[in-house]
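Two complexes follow with chain A in common, the first pairing it with chain B and the second with chain C.
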Partner chain A sequence: MNKDEYKKLVDKLTPKENKSKNAFYSFLVGGLMGVIAEALVVLGTNLFKLPKTEAYLWVCLIIIFFGCLLTALGFFDNLVSKAKAGLIIPTTGFAHSVMSATLDYKRDGFITGVGANYLKLAGSVILYGILSAFFCACIGVIFHG
Partner chain B sequence: MASFKYNNVYINDSFTVAGPLEADGQIHKFDLVMNDYYYKEKTFLDAEIKMQKTVIDNLLYRNKLKGQIDLLIGGDLSNQLSITSHCAVNFDIPYLGVYSACASFLEGMIIAANMIDTKRIRNSLVITSSHNLNSERQFRFPIEYGAPRALTTTFTATGSVGIIMSGNMSKFKLESATIGKAVDYNMKDATHMGAVMAPAAALTLQEHLQELKRDVDYYDVIITGDLGEIGSKIFKEFLKTSFNIKLKNHLDCGGEIFVKSQEVYSGSSGPVTLPLVVFNKILKNNRYKKILLIATGSLHSKDTTNQKKAIPSIAHALSLEVI
Partner chain C sequence: MNFLNAFLFSGIACFLAQVILDNTKFTPGHVTSLFTVFGAFLGLFGLYDKFIEFAGGGATVLISNFGYQLYNSAMLGYEEMGILGLFSGLLTKGSCAIVGVIIFSFILMLIFKPRD
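After this line comes the complex of A and B, so read on.
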């Protein structure tokens, strides 16, 4: 059996992931996250009389805090692996990745461990986030001046 | 040709420390169970070192062999075999560290058997261990990171198994062995190790049968290490199409440790999977007389898979007879 034949055999016997089911759950959980965040914004603007931009900042901080806290308490990973993109795409995913890497490397020292590794997974989010923001801004400048 | 027959090599004793999830699974007869992943240590690395130490201590004590072991052979999954080496410094025994990923234990057994059979040494202690969280961190993601898993992923078993081998007669005889070749079938997906290792297992089995002039029905059972549910299907299909061998008496250890509700995807993996099942279930049940063990290993590192290199795999075979 050569390599190509083997690849066909493997593809035939490997079960396929149910993509629509995954997408549905992600939509549900991600949507729920959006609803919670929006509710917090409404709460902030009405109850605490915050300006809208400031309320969004607070909501972002709250979500990051809970993403980190639940990760440190040890059960957020189970939720993330079930909800998949529903919790990875929102800020919770970013907080979760930073926190889990930090926890992992705390025994390796503050400089060579935590400092060097805490952006192990989130580093690409930052780099490509900044890059895409730059290009979007360029497009904005070209078309709207 | 790399198949040998042994005249006088026996397994005298075995000792197992199993992790908490493993103890909740299908096997309940472990010698010792650690209740949490830390095993009363500060880090998971220390926990794994302690598991190995506990196994060796118990084996030496139970068999009154302190100071009389000629060779310690061990292997685990950690970078540079650091765990086994950190364990070995505690014992005043000549030490060989071996690595064939999940086939390390069988590699150790084959080396020990050859040396005992040729009377270079009187006895040997072979040990292996794996710790789910140490492997997660080394090969996959940070421990607390909940990465979505593919259905083909396997779950590294936690535990440590050690055995004492010598020329002194016992119930379990090592009959023959085949050292496998490293093979590459251009599989690049480290989350689908069953597909990486299945050809190695099939080729080693075929070579073993051919070199010792045996039929597949010679064995009561053929036990593979950690191909997993999907890998086992590929393994059987490969044997059928390539060598026209129809395997009926096959058992994969990957599906013998955990129960379905523990959500371990395609099954258990790690060098400890095979000895955990063989020494705590198969040999205790007394159901089979002629047993062929085929341990498979996926020889990748995080760097080679990130750089999209095809993963080489290996399989070694060892035939056991229950007297």
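After this line comes the complex of A and C, so read on.
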């Protein structure tokens, strides 16, 4: 069997996903996450009289807490398999990656398991976030003074 | 009206992410890193401020907001302390997400057992 035949076989055997359905669900769920966050911001600014910047940070914390809680309870994987990127791109995806790594390595002990592996998946977000933010800030300093 | 903006903005961002996921070999890890980097870039051009004004919570709930927060607090640090501020200020706003996720995940990890 040569390479082309093998490639065709692989293409045939990989399960086909319904791309338009996936995209629609992620649009819907992602949009809902935005609406929930906006509702919490409105609640915070009106009910607790927070300034907007603080309200955004509180909402960030609340979303992260619920992302962690749902992952720990075991609902999150089912939700992600339906909503796909709709729950990965909001901050819940970040929370989910840390929480699931922490839970998975619990049985390996606190130092060699949890301590060594808790940023296994979210590490890339933090590393490249800091790198890109630092270089963008350098460029911004040069151009904007 | 603000709710509609929030819905549309975060919905379209997630839609784009799903299109990237489906049509390339990127994993969710790639896409979240890409969005974070993109947030910092948009912050550099002053666009993310406008997105937050436009969509409110819809823009701050996305992971790209994390990159923007890092960029924004680095610039604020520079205004306060110069070059040193770039290093010491970079995590001021972003630490909310990092510390939050570590504290919550550790506490919940102590309570819950891993599923098989």
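Methods note: the second predicted complex is superposed on the first by the 133 of 145 C-alpha atoms of A that agree within 3 Å, B and C clash if a C-alpha of one lies under 4 Å from a C-alpha of the other, contacts with A are read in each partner's own complex, and residues count from 1 in each chain.
Here is the rule we use: a residue touches a chain if its C-beta (ideal position, glycine included) is under 8 Å from a C-beta of that chain, and two chains touch if they have at least 3 such contacts.
Computed from a predicted structure; not experimentally measured.
Asker: Looking at the overlay, does A:L9 come into contact with chain B only (first), chain C only (second), both, or neither?
Answerer: Touch status of A:L9: first partner only.
Asker: Would you check which partner chain A:R107 touches, where first means chain B only, second means chain C only, and both and neither mean what they say?
Answerer: both
Asker: Just to be sure I read the superposition right, which of the two partners does A:N78 touch: chain B = first, chain C = second, or both, or neither?
Answerer: The first partner, chain B, only.
Asker: Per the overlay, which chain contacts more chain A residues, chain B or chain C?
Answerer: Comparing chain B with chain C, the partner touching more chain A residues is C.
Asker: Output check: A:V59 vs chain B and chain C. Expected answer is one of first, second, both, neither. What do you get?
Answerer: second
Asker: Just checking: does A:M1 make contact with chain B only, chain C only, both, or neither of them? Give me first, second, both or neither.
Answerer: In the superposed model, A:M1 contacts chain B only, not chain C.
Asker: Pick one for A:M99: touches chain B only (first), chain C only (second), both, or neither.
Answerer: A:M99 sits against chain B and chain C alike.
Asker: Residue by residue on chain A, keep only those touching chain B in one complex and chain C in the other, then list them.
Answerer: Common to the two interfaces on chain A: residues 17, 72, 74, 84-85, 88, 97, 99, 103-104, 107, 121.
Asker: State the interface residues of chain B toward chain A in the complex, per the touch definition above.
Answerer: 42-43, 137, 141-152, 185-187, 192, 195, 199, 230, 233-234, 237-238, 241-242
Asker: Write out the stretch or stretches of chain C touching chain A in their complex.
Answerer: 2-3, 6-15, 17-19, 21-23, 28-29, 31-33, 35-37, 39-41, 43-44, 52, 55-63, 65-67, 70-71, 74-75, 78, 86, 90-91, 93-94, 96-98, 100-102, 104-106, 108-109, 111-115
Asker: Which part of chain A faces chain B closely enough to touch in the complex?
Answerer: Residues of chain A touching chain B: 1, 3, 6-7, 9-10, 13-15, 17, 71-72, 74, 76-81, 84-85, 87-88, 96-97, 99-101, 103-105, 107, 120-121.
Asker: Tell me, which parts of chain A touch chain C in their complex?
Answerer: 17, 19, 22-23, 26-42, 56-57, 59-61, 63-65, 68-69, 72-74, 84-86, 88-91, 93-95, 97-99, 102-104, 106-107, 114, 118, 121-122, 124-126, 128-130, 132-134, 136-141
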